[in-house]
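Letters A, B, C and D mark the chains as written, and numbering starts fresh at 1 in each.
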Amino acid sequence: MTEVPLSAYLVLALVLFCIGLYGALTKRNTVIVLISIELMLNAANINFVAFSRLGVTPSITGQVFSLFSITIAAAEAAVGLAILMALYRRKKTVNIDEMDTLKH
Amino acid sequence: MDLQTMLNYHWEAMIPEFIILGTTVLLTLLDLFWPPYIKRRRLAWIGLIGILLSLLSLLAVLPIEVVSILDDSFRLDSFAKAFKMLLLVGAAFVMLLAESYEPKEGMKEQRGEFYYLFLTALLGAMIMTSSGDLITLFIGLELLSISSYILAGIRKHHTASNEAAMKYVISGGISTAITLFGMSYLYGLTGSTNLKAMSIIMKETVDTQFLYLFGLAFFMVLVGLSFKIASAPFHMWAPDVYQGAPIPVTAFLSVVSKTAGFAIILRILLSLYREVWGDAVGAFSFFESNSIYIAFLAGITMIIGNVVALRQRNLKRLFAYSSIAHAGYLLVAFATLGGQYFLFDTFWFYLLAYLFMNLGAFAVIQVVSGNTEQEGIDMLTGLYQRSPWLAVAMGISILSLAGIPGTAGFIAKVSIFLGAFAVDPGFYVLAAIMAGTTVISYIYYFGILVQLFLRSSIIQTKPKVPAGINILVAVCVLMTILFGLAPNIALDFFHQHFGDLLDF
Amino acid sequence: MMENAWLIPLIPLFSSVILLIFGKQLRESAAYIGILAVLVSFICSVIVLVERIDAPTYKQEIVWLVTGEVNITAGFEVTALNTLLLVMVSLVSCLVQIYSKGYMEGEKRFSIFYTYLGFFTFAMLGLVLSPNLLQLYFFWELVGLGSFLLIGFYFYKKEAKEAAKKAFIMTRIGDLGLLIAIILLFWKTGSFDFQEIFSSIGAGEISGGMLTLIALLLFAGAVGKSGQFPLHSWLPDAMEGPTPVSALIHAATMVAAGVYLVAVTFPIFSASSTAMETVAVIGGFTAIFAASIALVQKDIKRILAYSTISQLGYMMLALGTAGYTAGIFHLLTHAFFKALLFLAAGSIIHAIHTQDIYKMGGLWKKMRLTSPLFLIGALSISGVPLLSGFFSKDEILVSAWVNGNFLLFWIAMITAFLTSFYVFRLFFLIFTGQPKTEVVSKESPFSMVLPMGILGILAVCSGYIQTPWFGSYLGEFLVKGNKFLLVPAHSEGPAWIMAAAAVFSLSGILLAYLIYVKQTISRNFLIKEGSFINTTLINKYFIDETYYFTVGKTVKGLALFCSYIERFVIGGFEWAVTGTIRSLGSAGARLQSGQVQVYGVAVFAGLAVLVIIYALTGGLIR
Amino acid sequence: MTFLLSVLVFSPILGILLLLLTSKQHESNLKMFGFIGTVPPLLVSLILYQYYASGASLADFTIKNNWIRFGNLSQYDAKLFTVDYELAIDGFSLVLVLMTALLTSLAAFASHSIKKEWKGYFVLLLFLEIGMLGVFTAQNLVLFFLFFELTLISAFFLVGKWGFAEKEKAAYSFLLYNGIGSAILLIVIMILFARAGTTNIQALTHIITIGGVPTIAPISATMKYALLVGLVAAFAIKLPIFPMHRWMVMVHVEAPTPIVMLHAGVLLKIGAYGMIRFGMGIFPEQFKSVAIYLAVLGVINFLYGAFMAFIQTDFKRVLAYSSISHMGVVLIGLGSLQAAGVQGAVFQVVSHGLIAALLFYLVGIIQEKTDTSLISDLGGLAKTVPRLSGWLLAGSFASLGLPGMSGFVSEFLAFLGLFKSEPWLAAIGSIGIVMTAVYMLRAVLDITFGKEKEKYEHLTDLNWLQQIPAGILLLLIVSIGVYPSLLGEPLQRTLDAIMIGIGR
């Protein structure tokens, strides 16, 4: 079977990153925003894995890196959600555009 | 690798980190097992002791040569030592602040974690300063970030605090993603995450295609990390978070976290890009040909920071903008690379000065606002009558922030200017912007001074000053003046123990 | 004594300082100190004069200031001209101070008055002794200060205030010319010293045009001080000061300083025919111009003031027509008889407390001593033969004639006629006819009469130092040994001039007699009441008004213009800058909308911009 | 002997300590100590003058210690990027120091009119004195700048707290205008420092004029011009030169009169001092080519100030604009490039210092007695307060340049110079000489002469104590006016040096 070229992965990652960014910047629901951020991080992970297999000088480090970043992403998400919970208790909403008491 | 090699490593080089880690664990356990009637404040003292111990141990390890553990995933070089020192001192002060911090609803809710989260964040920061591997750097970064997310939202039942934390998480997440994405490209282009190895590969690259991609990666990483130092246009989270977070956290963000941010930027970008070709034939270095971008960022950062600060009535928000402005000044040093003579000492001294003057100011703010929620500038009105000592201390810190001669802030600015002009052609426009915005900054800094000294207040209640804060303020003011009048105490120390950071 | 001549000015200064400090305690007895001091310096000056008669010029200097390579010096010089004026000034000043003892009796600020007098005398004597132009200017201004202070002595009177201000400023306009002339001379000749300047002019180091310019600027100074047209209008107003002051400053000494200046820098003028012309013309014009105004005024002191202006015009005319001796001669005689007239007028005012001649009359019987003395003065000024005025005026007429300037000559003649007319108009209105005021006026005290007496004597016989019959001692004395002075000691003219002059003046007196005593001729014989000419004369040719509407308005306008620049241009600029910064700030604050996603957009935008620019430029821009 | 200058500059600290030890209620004590604090510098400066008069060389007093070292270039050159603590004094400085010490004492004496917070007031006053003395003795630009800013800050507070109605506004415009000035100055200093590696005046003069010394980065010819223009601009704001003069008018109107005495007397002179010392001293060649513009500006100042003063209704404003006008004379003198002109400028610096101090001292008393300085409200004062009016008259005559007073000498010399180099310009400018008389007499006569206002019948005249300051000042004014060599002697050497510098 023929190898999928590196460029394909990179494009995929880039697309994924952009989708994530788009979601993070447009969605009203904070949960979805957090998920979109996960998407962006995962896009990076795809890069790492792809590079570690098909990069200029393939090495295992990339996969290690991606493992770490997955964990970190999880932790970040957890913290994010926890904070969202606290906020939800006070404001009874998860709409991100209603969090604007601090401004100017 | 086998156990033997593991044991052969110079673990003593990591003692400061270990101490912090140990303290953290200890605090966690104490927090867990202490009966509720014991005040959790004491944890702060223990934490402080831990920090001081690790500071001592750092001084102890100062003389030893460069140590690299686990193939550079931890390295203790002069750079690391220098910045760790700043971080530890800053953290110690912040801990003092935290100890006497008393929000309206009291500290019942957030018990111990308030104190030891500072330590975890500190640990992350320290890792950021002393690692030669992207992975560990990234982990350190995230450790710092995540801890500070929680710290920002530590006041569960305070809307502003929650909101601040939420905003912090989201914008932090985005920038993390960008950073990571950039790193992934760096890895892809070099096939390694070890900075040394990467830089060797990069400096040998002559293929313009690759150079081009290096550039893209550079910007991604820069932008992602600029989030930490809150430089425009990646600063917008800062005012909100600073305003919403509890004062000690704000102080922490504006001093420790910012220092760490600069540390990691220098660490990654300098060690990778210093010798990369800036054009097809290698006539210019990468920084020579791209400093214009950093200069641009620095320029708008200074302008936005100072100009928008004019509009602020909330002190914490005001200081957010002022710290943005200061990030801008430091970026000038980064853009000019300190005119090749004054790079690291400029950064180091500036951050040192900034640490003292900023923390001094925050301490006073915290004391004066007490457990009332008011944070407006007017709360300082006529402080001179109520408590001359605090007023003078605040005044000196402000003057230093404004960069008036005789204070550390001035010397710091001078060395930035030196960097900007020592090269040919000098960065005249950038320097002009810096000078101009400094003058603009006089307006709001002296606005505070006017409140402190020139106006007289209605309320005559003397703010009660805890011993810890008194010490803190005293030290800060003393240092601000001392380093203003005899900066070589600090500079010589730097040059003796860290040299020109050639082992960087 | 000559080597100690510098003491002469300092003694009055010393007295005035004493009076300034201890005046309060001394009160009326302050007069004695003042008088004593000036008496001493009078005696000294007489001694100096006597010594000088058969001794060369004496000069002594010290370094005043070193600028660059040049040493600016200060010192004193005893020349023929100096000594004469020393004597004249100190004498008149002494007499006036004696006079004032009586005149100022009961004045609260008596000692201050003597302080000022002392200071003025010091300044005037210093002026006279100056060996170089800078020092001359130095005292020139101090004299102005003295005059300012004394005019404004009754400071609570609005008129006095205005008059003082006007006097100082108008003279300062002239002084500016003098200052510039001095500076130009310095750069051309490298010195302020008279001798050196003259010698380098003699060597023809200065181009003709420049020389003329300098001479004219010098003359501007003289015009200001001597109240020549067009800077004359301060002098009549200066009459707001106490009458003794008018006698001392505005008749005898300070106003003569202008003439003195021209005389002392005569070599400069004589080197430029244009300058000489100008001096002569201005002098002649002023003479007739002022005389014509004097015809219709009704304030006794103002009439005398205009007559002073006119007489000074005479002197200028003399100098302008190379009548060096004539000018100085008239300066001396005029000092005596005009001082006399003023003092007499003063004693009249002292007696009946009014200055309006139409409110006077019939005083001849009441004031037995003042009246004849006034008459002497009047005769002398109108040039009745054998009195001092006659000789000096004749000298001037001759020099004008010899100079071949016939127009000016006839102007002078007519002026002589007008002079005698207005003086005797004054005389008759005051002393003859019926008393119009019911004030029982008595003769003035001895302290006032004595000085008048002395002056009277001088007014009669001071003329004989320079006469066509007994020889021209004055001229000889002045010209002898002065190598820069290329003028004859005495200019010979046709004898008929003397006769004609006498006729003119006598006919003037006769006309006045007919109009104001006999009243055979109506007062409207010459000029009808309310006719154009009459109003013009009464309003002094509307000179002040003209100045107000031209110079005054211009200055005001310029000032307003400046203030508009200040408020709108500069202020506007400030406003713009601060406004821009402020609006930038608010814009930035508005961007900070509190929407975290906006922040995200900002981050992304920032990244995008950087990357795109980088991409487009290929990362290879510098 | 070298310690003497340090003693001179820092001796006010004694007074500061004394004040800090007294409680802030003891009005009389504080006032006394405040005055006493200004005595030591006066004594020291008199001692210095004594040494000078007895023929000792002022160079013996030069003091020079290592202070700051930037960067770590000791391996190249130990003196590189060092700033020494170096004070020295020459005739010019000596005169200004004497004037400063004297005026400060008089100002402290005149400060009995201060109503509140005497402690802070006098402390700041003494700090101001340290600053002023330092400015005139500093031998390198950084040190100069330090003292310069010290004056700025203390003056800001003195104006802002103890001034009249619009004090804060005045303080702000003072701060911002001077802030811009000092920003420009700082940039110039920094460029010189960064390029030449030193800020010592002699060293810089050597580098700029003779050259041949290797510099860190080249200093091109155009840059020299730019630097000079920057210097001139910076000091022009201080002087002030039209159109940057508005702040100065505000300060003169709003500041407490003792401070205005110092401000008009000394602080404005710093501008002139800087222009002469640094402008002409370091950049003689370049200065020659911009001189003509300075002369034009000077004439504009001279006339503009005069015309503005002519239509002011407030006597303080009249004096403020007359200061502007008289500062024009300084420029006229400098612009002439003639020995006489420069000498005139220097004379004017001293002379106007004394005259302005005298006049503002008297205005202060008038305002104290009548609560107004509006010309229209005053009038006929000579009747009730003859002594006061007498001094005022004397002062105004001094200011309109009456011979026998110092003002005449300086104006004469300045114009003497300008008539040599630019006759037409001088001719235009000389109109101002008449205008000076016009506006001065208008203002002063309207105040003193004329009908007295009945509301002032009860005014009390000056007592002998109040006359002392006026007496001292007038004595100096007159003695300089009568025998200018008093001043000419000490200044001669400095002037010669300058003239040699500009090759005349």
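Structural remarks
Methods note: a residue touches a chain if its C-beta (ideal position, glycine included) is under 8 Å from a C-beta of that chain, and two chains touch if they have at least 3 such contacts.
Which chain is which protein? Per UniProt: A = NADH-quinone oxidoreductase subunit K; B = NADH-quinone oxidoreductase subunit N; C = NADH-quinone oxidoreductase subunit L; D = NADH-quinone oxidoreductase subunit M.
All values reported here derive from a predicted model rather than from experimental measurement.
Compared on C-beta pairs in contact, A-C and A-B come out with A-B as the pair having more. At the far end from chain B, in terms of centres built from Cα atoms, lies C. Comparing chain C-alpha centroids with the centroid of the full set of protein C-alpha atoms picks out D as the closest. Rounded to whole angstrom units, the spacing between the C-alpha centres of chain A and chain D is 65.
Note: centroid distance chain A to chain C, computed from Cα atoms, is 97 Å. Work out the mean CA point of chain A and of chain B, and you get 26 Å between them.
Here the spacing of chain C and chain D, counted between their Cα centres, is 38 Å.
In chain D, no position touches at least two other chains. Shared interface positions of chain B, i.e. residues touching 2 or more other chains, are given as 166-167, 170, 174, 178, 239-240, 311.
Shared interface positions of chain C, defined as residues touching 2 or more other chains, are 589, 592, 594, 596-597, 600, 604. Chain pairs that touch one another, listed by label: A-B, A-C, B-C, B-D, C-D.
Those residues of chain D lying in contact with chain B across their complex are 67-73, 81, 120, 142, 145-146, 149-150, 153, 156-157, 160-161, 168, 171-172, 175-176, 179-180, 183-184, 186-187, 190-191, 193-195, 216-218. Within the complex formed with chain A, the residues of chain B that make contact are 134-135, 138-139, 142, 145-146, 149-150, 153, 156-157, 159-160, 162-167, 169-170, 172-174, 176-178, 180-181, 183-185, 187-193, 239-240, 243-244, 311. The touching residues of chain B, when paired with chain D in their complex, are 339, 341-342, 345, 384, 399, 404-406, 410-411, 414-415, 417-424, 426, 431-432, 435-436, 438-439, 442-443, 446, 449-450, 453-454, 486-488, 491-492, 495, 499-500.
Those residues of chain A that touch chain C in the shared complex are 21, 24-26, 33, 96-97, 99-104. In the complex of the two chains, the chain B residues touching chain C come out as 166-167, 170-171, 174-175, 178, 211-212, 215-216, 219-220, 223, 227, 232-234, 236-237, 239-240, 278-280, 284, 288-290, 292-293, 297, 303-304, 307-312, 440.
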